[in-house]
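In the two complexes that follow, chain A is the common piece, with chain B as its partner first and chain C second.
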Partner chain A sequence: MSATVPIAGPRAVRPLVPVTLLLAVLLPLILMPLAAVFVFAFRGGLPAFGKALASPDAQFALRFSLLIAFATAAVNAILGTFTAYVLSRYRFPGERPLGILVNLPVAIPTVVVGTSLLLLWGPIGLLGKLLEPLGFQPMFAPAGVLLAHLFVTFPYMLGAVKPVLDEIEATYEEAAYTIGASRWQTFRWVILPTLRGGLFTGALLTFAHSLGEFGATVLVSGNLRLRTQTAPLYIFAQFEAGNVAGANAVAAVLAALSFVIFFFLLRYTTNRREA
Partner chain B sequence: MASPSAPRARGVWPVLLLGGLLLWAAWPWLPISRAAAPPATIVFYGFSILGDTMEQGIFPAFQKAWAAQGGTPVEFLSSFGGSGTVTNQVIMGVPAELVLLSLESDADRLADAGVVPARSWRALPHEGVVNRTPFVILVRPGNPKGIHDFADLARPGIGVVHPDPLTSGGAQWAIVAEYGAGARAAGGDPAAGERLLAGIWKNVVAQASSARAARTQFENGFGDALITYEQEALWDQARGRLRAEIVYPRRTILSEHTLVRVDHRIGPKERAAADAFTRFLWSEEAQKIFVTHGFRSVEEQWNAGNPAFGRIEEPFSIADYGGWAKAKKDIVDGVWKDRVMKVRPKP
Partner chain C sequence: MAITLEKVTKRYAGTTIVDRVSLEVQTAELFVLLGASGSGKSTILRLISGLLPPDEGAIRLGGRDVTMLPPQKRDVGFVFQNYSIFRHMTVAQNIEFGLRIRGVPASERAVRREELLDLVGLGGLGSRYWSQLSGGQLQRVALARALAYRPAVLLLDEPFGALDVKIRAQLRQNLKQIQKTLGVTTILVTHDQEEGFELGQRIGVIERGRLLEVGAPEDLYAHPRSLFAATFLGAGTILVGRCRGERVELGPLTLPIPPDVPHDEGDRVRVLFRPEQVSLSADPPPPSAAVLGRGELLEESFSGSFRRVRLRLPALPGTRQLSPALPYGENALLIEAAVPADGRPIPAQAWVALENWHILRQPTPRLLVADSGDASDPALAIARPFVEALDGVATVVGIASGSSGQDELREALGRRAREAGLDTASVRARAGDPAEQLALEQSEAPYDFLLLGDTEPALRSGKRRAAGLAEELAEGVATPILLARGAAQLPRKILICTAVGEPGKADVRAGGWLARRLGATVTLLHVSLEGRTPTPLVRAHLDRGIETLRELEVKGRATVRQAEDAIEGILAELETEAHDLVVVGGPVRGSRAPFLRGGGDSVTRQVLRRCPCSVLVVPEGSW
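Let's turn to the complex of A and B:
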C-alpha cells in the first residue's frame, strides 16, 4: 500500500496536552531533584556555600576529580582512537569478539569493575600479590582511581570516533598513499582532521563520566581524604555524616560543571548536523 | 569536509574553560605554588562516629602538643566509615597506619587476616581501649510513642532505625545491648534475651552501613527510634543541633573502642610521631577532649568533666559475656544471625 493520504505532522496537533503531560512527568522525575540540590546548597546563603566549598577536603576532592577526569579523557582519547583505528582499518581473526569486548565496560556494573580491579591489582589480588613486595601498589592510590576510570569510560571515546572512521571514504586515504605518504602521515594529516569532532565529543563524554564516577571509585580509592577522595565520594561521605550543606555545595558544583559540558556537547553536535 | 575555521571558533570557549579548570585543579601541585616540604603523614582510619572528634579535637591538639615538644610537623590523612567497612578496607590493603575500631572482634579479624599479630593491641594501655560510650535510644521530640526502654522497641507499630551489623560495629554492640537488656530483665534468662532481640528486629525499618549513616537516616525522618552510641546524641546536643530526645535504657552496654597499630606500615619518618600520637590518645589532654565530645573516658576520674552524661542504672560490658570473641560467636552469630534473622518475616 502506498500512503496517499498525507499524515499530519505531530507538530501540527495541539501541543498543549502532551507537553503539559510530559512536564508533569519530568518535573518530579528529573527537574525537581536537580533543583533540590541547588536549593539546599544555597539555603544557608552564599557565604555558607562559599565556606563549605573552601574547606580543604572539598577543594582537594574537586581538584582531584578534575585532574583524574582530564587524565582519563587524555589517555582514553589516545587509546580509544587507536582501538577504533585498528578495528576499522584492519581485518583479523577475532576482530568481532574484540569489538564487542571493548564495548563491554558500558554494560558491566561499575561496582563489579571496582571489585575486579581490586582482585587483580589489590594487595591480595592476582597481580598485586606479585607487585606488593616491589613496593608498587596501584590500588588505594590515585593510580587505582585512574585505572578504574579508564576502564569504565573506555567505550565512550571508541563510540564517538569509530563511526566517523568507518564513514571516511577510502579515496582520501588511497590518494595519500599514492603520493607516498606513510601510514602515520596519512593518519596525522588526512584522518585526524576529520576526527576532530568525534574526538571532542568523546573526550567531553569521557570527562563528564569520569567526573561523576562512583561505583568503581568507592572500592579502589580507599576513600582517603586529601589523598584519594574524589568529589562524588566526598559528597557521599559528607551526606552520610550528616553534613548536608557541605555535600550539597560540592554536588552543586559538579551538577553545574556537567550542565556546562552538556551544553557544549549539545551545541557542537547540533551545529555539526546543521552544517 | 567541514570548513576549517568554523569548528575552531566554536571550540574556543570549551578550550578556554577546560584550560582554566585544568590550571585550577593542578594549582596546588604546580612548582610555583608549593609552600613547604611535605610533612610526615599519619594515615588514620576510624569507625564512623569518630570523624568530628578526631578531626576537630584530637588531631589539632596533638599537632600543637607535638610541635611544642619540637617534633617535625605531622599531617593526618584520615578516613571514617563503619567499623566493619574499615576493617575490610585495611584487610584489602589501604595504607592505614593506625586504626581505631568500634569493637575488638574487628581487630581480631585484622589479626586473622595476618595484618597485625594476634592480640598485639592488648599491649597498649587499657588493652587498646581508647574510650567508651553506652548504647542509648533516640526518639522524636516529646517522645510521642512513649519509648522508655529497649522493651518498648519490640511493641507493634514502632519503626526502629538500626545500623547494619555486616558493616557497622555499633550495630553489633547494639545487638549485645538488646540481648543483654532482655536477658538481664529476666534474671539472666537467655530465652528472654532472644525474645527481646527478635521483637526489636521485627520492627527494624531501615539499616544503614554505619552508626553515623543510621543517624542521618533517622534525622531525615525514618522511623520512631534509633539505637546508637550516647556520644552521637551528646555531641549534637552540645552544639544545640539535637532534634531528638535521648532515652537511657535501664540496662545497656558500654562499648569499648580498640586502637590497632599496623606497625609494618608505619614508615621510619613517621615512627616517632606515630608513637607519640599513640601515647597521646591516653593522655589527660586527649581523654578530656573525648569527654568534651561525649565519649566516656577510660579513666573514670575525667568523666565528671561532662555533666551531660546520663546515668545508667545497670550498665554491663562485653566482659560479662566472655569478651568479643565469645560474644560474637554466641550472641551476634549464634542468636541474631542464625535464629532471629532466620525467623524474621520478609518485608
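Let's turn to the complex of A and C:
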C-alpha cells in the first residue's frame, strides 16, 4: 500500500499533463491493440462473425485448445503440488539445483522447448527412435501438444502452491500426526484445504498460458488442421492464407476468454489480500 | 497410563540434546518438566509423542514399548505452544478431527464435541473460526482437540507461553481442574518456575539435556540436591563453607551436616537458605541462634504479602558466596531475606540469623576437557583416568576458529570422546578465541577442573602454545587448570610448590584434594634463595600446609631447597624425585610475592613452560 504513495509527498494537484502523456504512450502500445481485435472481428457484422466461428476448422481449433488447456491445468495441478510438497517437506541432496531446474521452463524460449521436445520424442529423437517401432509417436499428435504445454506451464502451478506450503508451520502437520492422522490423511484434510487458494490461482494461470501457447506448439504439433491445430495456430494459419475475418473471430474469442480468467484472478487475489 | 523413559538420548548434529533421561510418570499424574529454554525439555516431549525418534533408550506408555512407533500409533494428545489450530476448520471441526480420523459417526462426534466445549468453557463457540478467537480460547480449543479421542497421555508444550499473565493464571486453574476430572496422565513443559509449582504434583528439573532431580514442588524448593535446582527454583542465598568435624564452618558460625549428605573433612559444603528462612532483628539475637552477622540494608521491595530485602554483610573468613552472584570486586556477603509486610520498619543495620537452612549434596566433580579434535592431542586420553578416579563427569569442549567449522569439530570431538572411552561425556563445540570461549564455558556451567593437552598450537585456532593459553586462562578463570603432558596415567607423586608470600593456600587445598581422590602422595616444596637461611616463617608456613593435608587425610612431607630462584629449585627437585604433577598458584603480580619472582617472569609461567610433567595451576579463589 505504502509503495503506491509518491515519494514527493502529497498528490500532484494538476494531473492533466502526466495523465495525458501516459495515455498517449499506452494507447498505441496496449489499449488500441486490445480494441482492434474486437473491432475487426465484428466489422462484417454479427452474422459474419458467427459464420467465421462456425467453420469446422475454427470449431476444432477452439475445442482442442480448451481441452488441452483443461488437461494441462489438471495434470500440472497434481504434478506441481506433488513437486512443491516434496521440495518443501523433504531434505535431500540435489534439492536446491532441482528447485531451480523446475522453474527453468519460464526462462526458455518456447521455440527452443519445441525443438528440444522434437529432438527427444520425434521420429529420429532420443526416445522417439525407440518408440517408433512400437507404433507410438507423440510428436505431431495431441499427446505432443499436451507434453509441450505441460513443460511450458509447469512453473506456474509450482510458483502458486510452494509459497503457501512453505508458510505452513511444521507443528501444523505434527498436530495432525499426534491426533492420529496418517501422512495421507494429513495431506488430504489438513494441507490440501489450505492450498485451495494457491491451487486455484495456479490452475487459472496454467490454463491461460496453455490457451495462448504458440512457439512450442507450432513445432511439436506439425500444425495439422482438424488433428493438432490449436486456436493460436489456427489464427496464424488463417492470417497467412489471407482469411483475416476467420483469424479475427477466433482471436476475439481467445481474448474474451483471457479477460474472464484475468478478472477471476484479479478478484480472487484482491479478496484474499483484504481477508 | 504410566509413562516410562529409560535412558533416552537424543543427539542433533553431534550435540546431545537429551542425555540419558530416565523417568517414570504415574498414571493420572500431572508432571511438570521444568528447565530454561534450550535445556531439551521440549525435545523430551517430542520423543514421547513420537515426533522425533530417540537415538538410544526406550519409551513405554503403560507398559507398551512405543520407542519405534510413529506418533499416530502412540495414542497421545499434544498441545503445541503455538496451538496449531487448523485454520480452514471451525472450532467444532478442529475438535472432531481426531474422531473423524477414527471413523466415529457424526452423531457420536457431536455429543463428544459438546461435552468437550463445555469442559473447556467454550460452549456455543463451535462454529467459530481461528481468526475469531482470542489466544486463551485458542489454547482451550487445542486442549479440547487433543482430548477428544480420549488419549492415554496428554503432553503440553509451554501451553501458557503465548498468553498474558492474567489469563495464564486463570487457565492454569482450568487445566488443573480438567486434568483432575479426566485423570489423564499429563506431562507439561515450562520454563516458568511458578507455573511448575502451581501445577505439578511432581517436578523434574532439566538442565542441558539432563534430568537433574525429580520431586514434589515443596521438596524441591526446600531440599534441592543440585546447585542448579537450588538457584532455578526460587530465590535464596548459597554460601560455601568448609566441613570440619561433621559441621560446616561459615566463619565463626558452624552448622551441623546431616548424615544423609555426607561430606569429607575439609570438603567444600554448600549451604542454601531461602529468603523466608532468614530472620532480621535490631537487637543481637540470643546466643543459641545461628547468627551470620550484622549487615546494612541495601534495598527492599514490596511484593504484596511480604517485603523482599537485600542486606550486605561483612565477608566471613573461609566462606564464599555462590548465589546471588556478587558484583565484581565485592568483598562481602549479599543476603536475601523476606519479611512480613506489616508496616514495621526494617532497621538500617540488622542482625541476620538463620532460622533454617539446607545443605546441598556433595557435588560430582566436573571436568572440562579442552580438545583440539586432532589425533595428536593427548587431552582426552589423559582425561579419562582422571574422570574415572574422581568419579566425575566430563564435558569435552573444542574451539573452532569460525562458526563454519563448528559442526565438523563437534563430530570429531564426539568420535574422539567415544574412542577415548569417555562415552558419557557431553560434547560442546564453540567458536572464537580459545581463552575467551573457555572462560565463557566455565561461567555458563561451573567446572571443578579444566584440562588442557600440551599441544602446539593450542586448540587448533590459537597460535600460542598450550602453556601460554593455560597462563592466560589462569588470570581470567577461577578454576584450577591442568596442563596435561606425557603418558595417560594418573599422578602418583604430587609436588606442591608453595611460598610464604602467597596470599592463600588454594594450591595446597586443591592439590591435596586431588591427591586424596587419586591416592597420591604429596611433597610440599619451598624454595629459599641461595645464601639465605630459611626463616622460622617458612617452617611455620610449611607446617600449616602439612596440617591442611592431614585434615584431608593425605600423606605429605615438606622440603626446603636452596636455589638461584624459584624455578631452578623446582626443576632441581623434579630431577631428584620423580614427581609427575606440579601444583602452583596462579600468576601473582606486583610485590606481594617477592620470593616467587624470577627474572621478571612469574613462577607460574616458568613452571608451565619448563616443567617436563603435567602442571596444575590453582588461581587464588578457585578452591
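What we mean here is this: the second predicted complex is superposed on the first by the 258 of 275 C-alpha atoms of A that agree within 3 Å, B and C clash if a C-alpha of one lies under 4 Å from a C-alpha of the other, contacts with A are read in each partner's own complex, and residues count from 1 in each chain.
Please note the rule applied: contacts are C-beta pairs under 8 Å (C-beta built on N, C-alpha and C of every residue); 3 or more make two chains touch, one makes a residue touch a chain.
Only a predicted model underlies this, so the values are computations on that prediction, with no experimental measurement involved.
Q: Give one of first, second, both or neither to describe whether A:Ala71 is in contact with chain B, with chain C, with both, or with none.
A: Neither partner.
Q: So in the superposed three-chain picture, is A:Ile108 touching just chain B, just chain C, both, or none of them (first/second/both/neither)?
A: neither
Q: When the two structures are overlaid on chain A, which partner does A:Gln185 contact: first (chain B), second (chain C), both, or neither?
A: After superposition on chain A, A:Gln185 lies in contact with chain C alone.
Q: Report for A:Leu120: first if it touches chain B alone, second if chain C alone, otherwise both or neither.
A: neither
Q: Name the chain, either chain B or chain C, that contacts more residues of chain A.
A: B
Q: Thinking of the overlay built on chain A, is A:Val260 touched by chain B (first), by chain C (second), by both, or by neither?
A: first
Q: Figure out whether A:Leu131 sits in contact with chain B (first) or chain C (second), or with both, or with neither.
A: A:Leu131 contacts neither chain B nor chain C.
Q: Which partner does A:Leu98 contact after superposing on A: first (chain B), second (chain C), both, neither?
A: Once the two structures are laid over each other on A, A:Leu98 reaches no partner at all.
Q: Which partner chains sit in contact with A:Ala143 here, chain B, chain C, both or neither? Use first/second/both/neither.
A: After superposition on chain A, A:Ala143 lies in contact with neither partner.
Q: Which partner chains sit in contact with A:Ala241 here, chain B, chain C, both or neither? Use first/second/both/neither.
A: A:Ala241: touches chain B, not chain C.
Q: For chain A, which residues lie in the overlap of the chain B contacts and the chain C contacts?
A: 193-194, 196
Q: Within the complex, which stretch of chain A touches chain B?
A: Per the touch definition, chain A meets chain B at residues 60, 62-64, 66-67, 70, 118, 122-124, 128, 132, 137, 139-140, 193-194, 196-197, 200, 204, 207, 222-227, 229, 237, 239-242, 257, 260, 264, 267-268, 271-272, 275.
Q: State the interface residues of chain A toward chain C in the complex, per the touch definition above.
A: Its residues touching chain C are 169, 171-172, 174-182, 185, 189-190, 193-194, 196.
Q: Any idea which chain B residues touch chain A in the complex?
A: 1-2, 4, 6-7, 10-11, 13-14, 17-18, 21-22, 24-28, 43, 48, 51, 77-81, 89, 91-95, 208-210, 212-213, 215-216, 219
Q: What residues of chain C sit close enough to touch chain A in their complex?
A: Residues 49-51, 70-72, 74-78, 80, 82, 84, 86-89, 97-98, 100-102, 145-146, 149, 155.
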